[in-house]
Amino acid sequence: MEGTQTTLPIFVLFVIIAGIYIYNIIRARKGLNVNIRPIKGLVAIDEAIGRAVEMGRPIHFTLGISRFFSDTFAAFAILRHLASKCAEMGTYPIITNSVVTVHLATEEIVRSAYMASNYPDRYRPDMVRFIAKDPFAYSVGALDVMRQENVASNIMIGTFGSATLLMAEGGRILNTYQIAGTDDLEQLPFYFISCDYTLIGEEIYGAGAHLSGDKNVLGCLRGEDWLKIGIIALILTFTVLGIIGINAPLDWFSR
Amino acid sequence: MKTHHVIFIAFGIIVIVAMFIPSSGKEASDKTMAVYNAIEKLPSGSTILLGADFEAANRAEMVPQMEALVRHIMRRHLKIISISMWDQGPMFAERILRKIGDEEGLTYGIDYVNLGYAAGAQSMVRLLKDDIKAVYKTDFSGNKTDDMPVLKDIVGAGDVSLMVDLSDSPSGPTTYLEQIQSFKKDFRLVCGLTAASVPPIMPYVESGQIEGYIIGLKGASEYEGLIGKKGLGTISLSAQSVGQAMILILILIGNLAFLWIRKIKGKENAELGK
Amino acid sequence: MENWLPITITIIIATIGFAGVFSGLPPLMGILRLGMFWMIIIGGVAAALGAVNLLQIHGIKVVRRGSGSIYSIILIIVMLGTIIIGISMSPQSLLYRFLFEFIFTPLSTAIFAILSFFIASACFRAFRIRTAEALVLVISATLVMLGKSTLGESISPYIPKIGEWVMNIPNSAGSRGILLGASLGGIAVFLRVILGIERGHFLG
């Protein structure tokens, strides 16, 4: 397969990035204290659960149409926390899915969370439902489920493609308390105008760490901070070098 | 009747009435001209990879774009290989390619082909980069691709002169950039997008990785003006413009109402304070 | 530990794929290529799995005669009918094209069109100038919207230029920042998967 090798600069970059992540994961496992700034949207998830318990109504959770990309794994962490809390507090989650492979994973996550809790008998198989593959058909079906089940809160972590506004505004018209998060730039504005709290980009990746205290994710968060500082330094360096006419380093990266 | 019901009814009536207002085409923007020039400057006989990466729901914006682009490409006697990462796009590609192909006197299999949908998204495109026939053993109609004249000089997707991706999501063009252009720097890409899909791809346009794009109905109308054939893009423009004006008016009314209510509440609080 | 098999497979395939991409060695590239072909097959099978799952859920609803079971009956009939027509007559057949162009497409487009009403009511409700940031949001949204429509051109030829500037400069800067953050997060997830420490979807 001709031309499939990536270039040396990308490999060098990847080694540096991976090294920083692995170093920080090891440090976190050894007890490094990683402080996470309070993210309102994540705190709001516990508020959403509390609201549902008080009202005696279920919570709706969805991962949208994402298929095992990075936001899906972040959503799994939030779902695990949600299912555990719902099991303990006596309310129940309804998870609707648009992707079959993700549906199978969410079934397993919810079931395991209930079995690990003090109330395994509260688990019901119909908590996790596959609606439809098409984003619009899924959104209409999910909204119908929300209406029929009279959900108190709606948590959307992921993207719905073109159907995002349908889902978000539909949930608002049903008077649900809405929390949303995505790294899909196209859909963020719709979440902002229709939801009570919105998580932007890597805030959803931090969800695993914030909600579960997972040391691996905590380490990655610290690594990400280092990398962002490094990227800012690189951008400034290349900008200054470019202004004074030295383009060789940037050309080496860009080849 | 709630506020949003009133808004829905008013919006619906105004947009329906606006559909009967005739509209004229608009002057092309820089980005639309870039797409036009990218196609116009290709030598005759070049091959274009056409991505039909949109769903039926977005047909209102994407089909006018596709018709205008395909008409331009076929008039220039450039070859078209149509593929898709999503399952609904090929149905539209089949209808439009056949219709315009017949109008321009071109032959399926020799001048153009619709290979249809292949599952796997990123993996599929990665494999497509090296060997199209390994991914598509048959075309959309079930014909074997082995001896198809239009695919004779093309081994992988990276061998085409230009890719025109019609996508209702920014992940369409970015997938082709990640899986083909990352490895083949001379792979050229222009796109047709829905209006909402433009912001996330702006960094790629600024860096030159995407040479140009046409946006939604306005872009389709601009392109129709460039090729001199008025179509759905131009006809639908009035309704879209009126709809956008209505939204701006609603924002204004919403803010005026908000300020008015705040003023009244301020007076009430002041009187209670006394 | 009962899930050691899927985790092991994940680590092996991810490592081979990664090594293949960076080394370009033919044996590794061959395995990577095979893996990508399997992705295409799995993608197709997943679609079929979705149909099976839908039949299960709605079949149970029909048998139990739950509320809305009439819609489940319609769904099953239409789904099976479309599958049978598509397989037996091909997607090129008149009947299949009729179903797609005159039933499925208008329904999809109609639901998409509902978004325009939702946008209108959302704009009326959400674009309230409560803070300075909200004012900046409303002004930039108005300029971009006008710039992209024929209305803006009719008001002033500068409006499309200003709208384009907002898209090219502030929007691009913000988009790049979010894309960088999301990409770094994606690399972190990949590393956790390849090292076998991201197992939530296996173990629950």
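Each chain carries a letter (A, B and C) given by its place in the written order, and its residues are counted from 1.
The rule we apply is simple: a residue touches a chain if its C-beta (ideal position, glycine included) is under 8 Å from a C-beta of that chain, and two chains touch if they have at least 3 such contacts.
What you see is a predicted model, and the numbers here were worked out from it, not measured in a lab.
The touch graph of the protein chains shown is complete.
Interface comparison, A-C against A-B: more C-beta pairs in contact at A-C.
Geometrically, the chain at the heart of the complex, using CA-atom means, is C.
Put simply, the C-alpha centre of subunit A and that of subunit C have 15 angstrom between them. Subunit A and subunit B have Cα centroids separated by 28 Å.
Counting partner chains per residue, subunit A has residues 1, 4, 6, 134, 136, 162-163, 185 touching two or more of them.
Multi-chain contact residues, meaning those touching two or more other chains, occur in subunit C at positions 33, 46-47, 108, 111-112, 119, 121, 123, 125, 127, 175, 179. Residue positions of subunit B with contacts to 2 or more other chains are 4, 55, 57-58, 199-200. Contact residues on subunit A toward subunit B in their complex (touch as defined above): 1-4, 6, 134-136, 161-163, 173, 184-186.
Interface residues of subunit B, counted against subunit C in their complex, comprise 3-4, 7-8, 11-12, 15, 23, 26, 29, 55-60, 87, 91, 94-95, 118-121, 123-124, 126-127, 134-135, 140-142, 195, 198-200, 202-203, 206, 215-216, 218, 237, 240-241, 243-248, 250-251, 253-255, 258.
Those residues of subunit A that touch subunit C in the complex are listed here as 1, 4-6, 11, 14, 17-18, 21-22, 25, 68-71, 73-74, 76-77, 80, 99-101, 103, 105, 108-113, 129-130, 132-134, 136-137, 140, 148, 162-163, 165-166, 169-170, 172, 183, 185, 190, 192-194, 200-202, 205, 216-217, 220, 223-224, 227-228, 231. The touching residues of subunit B, when paired with subunit A in their complex, are 4, 55, 57-58, 130, 158, 168-170, 182-184, 194, 196-197, 199-200. Of all the residues in subunit C, the ones that touch subunit A in their complex are 20-24, 26, 29, 33, 46-47, 49-50, 53-54, 57, 67-68, 108, 111-112, 114-115, 118-119, 121-123, 125-127, 175, 178-182, 184-193, 195, 197-198, 200-204.
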